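Listed next: structures, encoded as C-alpha cells.
Two complexes are shown next, each including chain A; its partner changes from chain B in the first to chain C in the second.
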Partner chain A sequence: MKFIVSSTYLLKRLQVLGGVINSNNTLPILDNFLFDLDKNQLTVSASDLETTISSVLEVESDSEGAIAVPARLLLDTVKTFPEQPLTFVVENNNTIEISSNHGKYALAYADGAEFPKAVELANPSATTIMGDILASAITKTIFAAGNDDLRPVMSGVFFQFSPESLTFVATDAHKLVKYQRTDVHASEVAEFIMPKKPLNLLKGILAGSESEVKIEYNESNAKFSFDNTELICRLIDGKYPNYEAVIPKENPNQLLISRSQILSSVRRVSIFSNKTTHQIRLKIAGAELNISAEDVDYSNKAEERLSCSYQGDDMQIGFNSRFLVEMLNNLSSDEVSLEMSLPNRAGILTPADGLDEGELVTMLVMPVMLNS
Partner chain B sequence: MDYFHFLGIYPYFSYPFFIVVNKTILHLDLDTFYVSVERLINSELKHRPLLVGGTSDRGVVAACSYETRAFGVHSGMPMKMAKELCPEAVVIRGNSASYSKHSDIVTEIIKEKVPVFEKSSIDEFYADLSGMDRFFGAYKYASELRHTIIKECGLPISFGLSINKVVSKVATNEAKPNNQLKIDFGYEKPFLAPLSIKKIPMVGDKTYQTLRNLGIRQVKTVQQMPMDVMQRVLGANGKVIWKRANGIDHTPVIPFCDRKSISTERTFDRDTIDVHKLRGVLIAMTENLAYQLRRGDKLTACIAVKIRYSDFNLYSKQLRIPYTSADHILIPKVLDLFKILYNKRMLVRLVGVRFSHLVSGNYQINLFDDTEEALSLYQAMDHVRKRFGDRSVLRASALEAKSIGRIQNPFNGQPPVVLAHRKQ
Partner chain C sequence: MPFSFPLRKIIHVDMDAFYASVEQHDHPELRGKPVAVGGGSKRGVVTAASYEARKFGVRSAMSGIIAQRNCPELIFVKPRFDRYKEISQQVRNVFFEFTDLVEPLSLDEAYLDVTENKKGNPSATLIAQEIRKKILVKTGLTASAGISINKFIAKVASDYNKPNGQKTVNPEEVIPFLEALDIRKFYGVGKVTAEKMYQLGIFTGLDLKSKSLEFLQTHFGKSGRYYFDVVRGIHLSPVKPHRTPKSVGAERTFSENLSSEVFMLERLEHIAHELERRLLKNKVAGKTITLKIKYSDFTLHTRSKTLPYFVASKELILETAKELLYQQELENSVRLLGISLANLNTEKRKKLVDDAPVLVQLKFDL
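Here is the complex of A and B:
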C-alpha cells in the first residue's frame, strides 16, 4: 500500500475528522484514523462509536488496503509541514513510513479490520438542505440544549421535518429556541433528536458552505452527506417534550427595544448580580425598562434605565441574565421584541427585523419566581 | 522589624509572632439568661432553685439557676436527673419567643453604644472597642454599658475585657455571676495559666479527656508545650487550642452572621418505628425549611437527612441537587434520602433535615415540570404564611407533625438560636 498526497490538503481534512475523536477512549482503536485506500481514492474515517465521519481524498496511488493510523501522532506531524507532497508507504514490520522533503517518519499502525464499521442505514428517508442553512439552524439552536444526563432527550436538538417546513428545537427546560424554515421542505413528516457533538462538527464544517447536504435518517441513525464527506451518527432515543404546549399563546405585554442596547445593559448589570444565580430584575413601566441586580452577600448593586416601546401593563419579572445574554447574543437583528404575560410565565424573545425570507426564530426564557 | 520598633511595638510573647495593633475586645454574656428572663417575668421565682428545659422524659436542662448548681445540676443534663438531684427546684418549660424578645432589647442597647458588635448567640455579644480608650477609657465605658443594661433590662450580665475574643470570653466566665473582669494588656498568658484547660473555648469533654490522659490539667502546661506536640495529638484543632491557651486569637468581630445552612431536627418523646409518622415529620420539616428559603430569597443545592436510632448511632446522607427552593422538588428528594438511610428496622430516636450550599436567588421556573397553577398556589400559600405564621397552611401529610416550625426568620443576620445542651 502506497500513496502520495499533498500535505495541506491532507491536514485540512484530518483536522475536520479529528474533531470526532475523544481525548480518552476506552477502545484504543478509536484513537486512530482509518485509511481505506482504493486506487486513487483514499477514504479517511474517524469515530467515537456514536458518530463516524469519513471523507474521500484524491491521492496518487495504484494500490489498495486498509490501515488504522494513530491520529494524534499523524496530526501533529502533518501540521508542521509547509505545502509539499507526502508519500505514505506501508512497510512489512507493521509500520507506515511517511517521506517528506525533509526526511522520513515511521509510525506503527493497526489493522484496518479492527476499526469499528460505520452502521448502514436501513431503509432511510431523505431530505436535502443547503449547508449554510443547516449550519445556521444548528448555531441558532444548539446553545439552548441542556447538559443534564438525567434527561438525555434535552441534550440534543430536535429536528422536525414536514412538507411545509423544517423546524429545529433545543431546550434545557429553562430556555427554548425554535428555529423554523418555511422555505425548505421535506418529502414526508419525520422527527428525530440529534446529539450535540455531531452537530457541533457539522456546524464547523458547514458554516458558509454553498454545497447541498443530503440528510438520510431512520429511527436510530442519521447520515449527513456533502462534498466528499459523510457523517453518520446515532440519534438520541426518546420522546421529545411537547414544546408547543409550553409556548404561551396570549402575551398582552410587548416590549420592543434595541438589541445592542439591552444586551450591553444586561451584561453590565449582571456583573453585579449573584455569581451563582445571575439573577436580574426587569421592571417595565410606561416607556421605561429598568434593569437591576443585587448581590446581597457582597453589597453589590446595579440599576440601569432604558427607554423602550412598551404596550401592556406595568410589570416586574426576574430572569437569569445568562440566558438573556446567550439569547440576545445569538440574534443578529437590530431590534428585539420581548413578549410576556405574567411574571411566572415564559417570556418570548423574537427578532423584530433582519430575518431571511421564510426564516422564523422564537426564543423562550423562563423567569425566576420573584418575591413581590 | 525596624518599623515596629520605631512604633514602639515589641514582640512580647515567646513565640515568633507579634501583635501589630492592640485591639480592645469586649465580651458580654447574660448570666443564666433563660432563668433571669423567667425571674423577670415572675418575681416569685427569685432566689428559688429554677430549671428551664424540656419537661418530657426526654427533656434536657436548657438553663439552671445558680441555686441548683450547688446540687450538681448543669445545663445539658437530662431533666429527670436534674429533678432527682434537686427535687425542690421549680421546673419551667420555657418560651423561646420571650427570650428572643429580651435578647433583642439587650441587642438594641449594645447596638446604640458600641461601634462594632457581634451577636454570637442569643445571650452573648462581642464588641470591638479598639481606639475608644482615647476618649472614654474602654473599661470605664464597658462598666457603664453593663450597668445601663442591668438598669434598663433588669437582667444580670457579665463582661470580660481584653485584647481578643478568646481571652475576653474566658474572662467573662471567670467574672460570673453578674460581675466584670479586665485583663490588662500583656497579662493574658499569666491570666490563663492557672486555669483548667476545660476553660478554653473549644475544649470539650473529648479533648479534655485526651489532654488529661497526657497529664495536662492547667493551661500553663499547654503554654509551655511546643505547638507541634499539640498539633500531633489533636490535629489541626491542636494548633488552635495551643494558640488560644497562649492568648492568641486574631478572629475579628463580625457584625453580620451569614447563614451557611438551615436545618431542623426532632427528638421523639418515645422512640418510634412508625414510618408513616417519620415521613410526615420529614415532610413537615422540608416544607417549613423550603418556606424559610423562599422567605429569605435563598436557594439550596445540597440536602441532607439524618437519623439517630435508639442505639444512639447517627446516620446521615446528603445529596447535591440543582439550585432550588421548591417543595415539590425537595420533598421527594428528602423522602428518597430517608428511604436509603432508614434500613435498620430499629426504633428511631431523632430525624433531621438540613439544607446547605445556600445562595441568594429565587426559584428558576421549569418549562415542562411546573404548571402555572402550582406556582400560583405556592405563592398564595407563602402569602398566607407571611401574614398568619408559618404553620397556618400545610400539607395534609405534614399535619401529624405538630409544632415543627420556627418562629424566627433564619436569614435576618442574627445567629441561630442554639439549643442549650448543644455545644457550639
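Here is the complex of A and C:
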C-alpha cells in the first residue's frame, strides 16, 4: 500500500475529521484515523462510535488496503510541513513510513479491519439543504440546547421536517430558539433529535458552504453527505417536548429597539449584576427602557436608559443577562423586537429586519423573578 | 414554687366592645342604647356590638338581618376604622409607658410582658389597674385585663371580669385555675376539637391533665404536645413586639350571589387590586395564593397554590387566582370571594443575613 498526497490538502481534511475523536477513548482503536485506499481514492474516517465522519481524498496511487493510523501523532506531524507532497508507504513490520522533503517518519499502525464500521441506514428518507443554511440553522439554535443528563432529549437540536418547511428547535428550559425555513422542504413529515457534537462538526465544516447537503435519516440514525464528506451519527432517542405549548400566544407588550444598543447596554450593566444570578431588570415606561442591575453583596449598582419604541403597559421584568447577551449576539438584525405579557412569562425576542426570504427566528427567554 | 422555669408577668388587655364603645363615646346620643357597628347593609355582618345589644343576643360576625330580628331597637352605624386605629394608637402609647414588650393582637387587644417594666413596679396587678385607669382618662373607654404567668392564662383571665374589670391568676393559683377550666376555653380548642375532646371524656382542664402525652399526640397529632404542656401551665410563647402578619388578604361579599364565572373574574380583579394595595402598603410579597370561596349556603372552600417565587403584583396574583377558580367546577352560586397571600417574604427575611433578594430563574413548563 502506497500513496502520495499533498501535505496541506491532507492536513485540512484531518483537522476536520479529527474533531470527532475523543481525547480519552475506552476503545484504543478510536484514537486512529482509518485510511481506506482504493487506487487514487483515499477514504479517511474518524469515529467516536456515536458519530463517524469520513472524507474521500484524491491521491496518487494504484494500490489498495486499509490501515488505522494514530491520529494524534499523524496530525502533529503533518501540521508542521509546508506545502509539499508526502509519500505514505506501508512497511512489512506493521509500520507506515511517511517521506517528506525533510526526511522519514515511521508510525505503527493497526489493521483497518479493527476499526468499527459506520452503520448503514436502513430505509432512509432524504432531504437536501444548502450547506450554509444548515450551518446557520445550527449556529442559531445550538447555543440554546441544554446539558441536563436527566433530560437527554433537550441536550440536542430538534429537526422537524415537513413539506411546508424545515424547523430547528433547541431549548434548555430557560431559553428556547426556533429557527424555521419555509424556503426548504422535505418530501414527508419527519422529526428527529440531533446530538450537539456532530452538529458542532457540521457547523464548522459547512459555514459559508455553497454545496448541497443531502440529509438521510431513519428512526435511529442520520447521515449528512456533501462534497466528498459523509457524517453518520446516532440520533438522541426519545420524544422532544411539546415546545409550541410554551410559546406565549398573547403578548400585548412589544418593545422595538436597536440590537447593538441594547446588547452593549446589557453587557455593561450586567457587569454590576449578582455574580450567580446575572440578573438584570428591564423597566419599560413610555418610550424609555431602563436597564439596571445590582449586586447587593458588594453594593455595586448600574443603570442605563435607552429610548425605544414601546406599545403596552408599563412593566418590569427580570432576566438572566447572559441569556440575553447570547441571544442578541446570535441575531444579526439592526433592530430587535421583545414581546412580553407578564413578568413571570417568557419574553419573545425576534429580529425586526435582515431575514432571508422564508427565514423565521423566534427566541424565548424565561424571566428571573424579582421580589421587590 | 410549682414551676421549673422563670416566671413571667404577662398582662392581656382587651378593650370592652371596642368599636361600639368608640361610637358611643363619640356620639353621646348612642350611649345606653343597643348599637351594632357594621351590618347595616342588606347582607352585611356585625363587626362589633355594644353591651346593650349583646343582652339581646347580638354578636359580632352575626348577619345584620338576624341581629335586627334579635333586637328590633338595634342601631346600625357604619364602621370608621381610621378612628378606631387612632384610638388604638393612643391605647398603645399607654402600654409603652410601662413596657416596650407589647404584642398587639388586633386594634383592641394586646399582650404586655411587665416582668421588667419601666416603672419598676413588681406588681402586675397594680400595673394593670394603672393602665386601665390611664386608658379611661385618655380615651374615655374601658378595658379589661387578665394577669398571669403566660399569654394563654392571661387571655382567659381577661374575660373573667369583663367589662371594666380585671383578674389575676397568681402562680400558685395557676394549676387549680387550669384544672377547673372548661375545655372550650383553652386557646386553640374550637368547636371541632372540643367535640373530639368530649368524646374522649375530656371536659375540663383536670380531665385533660389526666391524659398522657402519647395519648394526646395519638389523638391530636402535633397539637397534643401543646395541650399537654398548656394544662400544666407551660406556655413559653414570648410577647413578640413586632408581630409580622403571616398573610395578607382581601375579600368581598357580593350584594347578589354570583353564579357566572365571568362576573366573578371581574370581582376577582377588584379584590386583587385591593390586595395589591395592601401588599404595597406593607411592602411584602408572598408565594402562596389562596382563593376563598363562600357559597350561598355558607359553606366555605379554599384552594391554594404555592409559586416558586414571590409575587406582589395584581396581574400575577390575578393570574393564579383565576387558575384556582377554574381548577374545579363551582358547586353553587357564590356569596363571597377572597384572595390571600401567605408565605410572605417577611418570614424569609429573618433567616437571611440582609435583604438579599430571592431570585428564581423560571423554567418553561416542558
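Annotations for the structure displayed:
Here is the rule we go by: the second predicted complex is superposed on the first by the 371 of 372 C-alpha atoms of A that agree within 3 Å, B and C clash if a C-alpha of one lies under 4 Å from a C-alpha of the other, contacts with A are read in each partner's own complex, and residues count from 1 in each chain.
The criterion applied here is as follows: contacts are C-beta pairs under 8 Å (C-beta built on N, C-alpha and C of every residue); 3 or more make two chains touch, one makes a residue touch a chain.
Owing to the predicted nature of the structure, the values given are computational and were not obtained by experimental measurement.
Superposition of the two structures on chain A shows chain C clashing with chain B. In the superposition on chain A, A:277 makes contact with both chain B and chain C.
By the touch criterion stated above, A:173 is placed in contact with chain B and with chain C alike. Legend: residue contacts after superposition of the two complexes on their common chain; A:185 is shown touching neither chain B nor chain C. When the two complexes are overlaid on their common chain A, residue A:234 makes contact with neither chain B nor chain C.
In the superposed model, A:295 lies in contact with chain B only, and not with chain C.
Here chain C runs into chain B after the superposition, and of 22-30, 202-210, 238-246 or 256-264 the stretch doing so is 238-246. When both complexes are aligned on chain A by C-alpha atoms, chain A residues 171, 173-174, 176, 241, 243, 246, 274, 277, 279, 296-297, 318, 320, 342, 344, 346, 364, 366-371 touch chain B in the first and chain C in the second. Interface of chain B with chain A (complex): residues 258, 294-295, 297, 299, 323, 359-369, 372, 375-376, 378-379, 382. Within the complex, the chain A residues that touch chain C are 154, 171, 173-174, 176, 241-243, 245-246, 274, 277, 279, 296-297, 318, 320, 342-344, 346, 364, 366-372. Here chain C touches chain A in the complex through residues 285, 307, 309-313, 315-316, 319, 345, 354-366, going by the rule given at the top. Interface residues of chain A, counted against chain B in their complex, comprise 171, 173-174, 176, 241, 243, 246, 274, 276-277, 279, 295-297, 318, 320, 342, 344-346, 364, 366-371.
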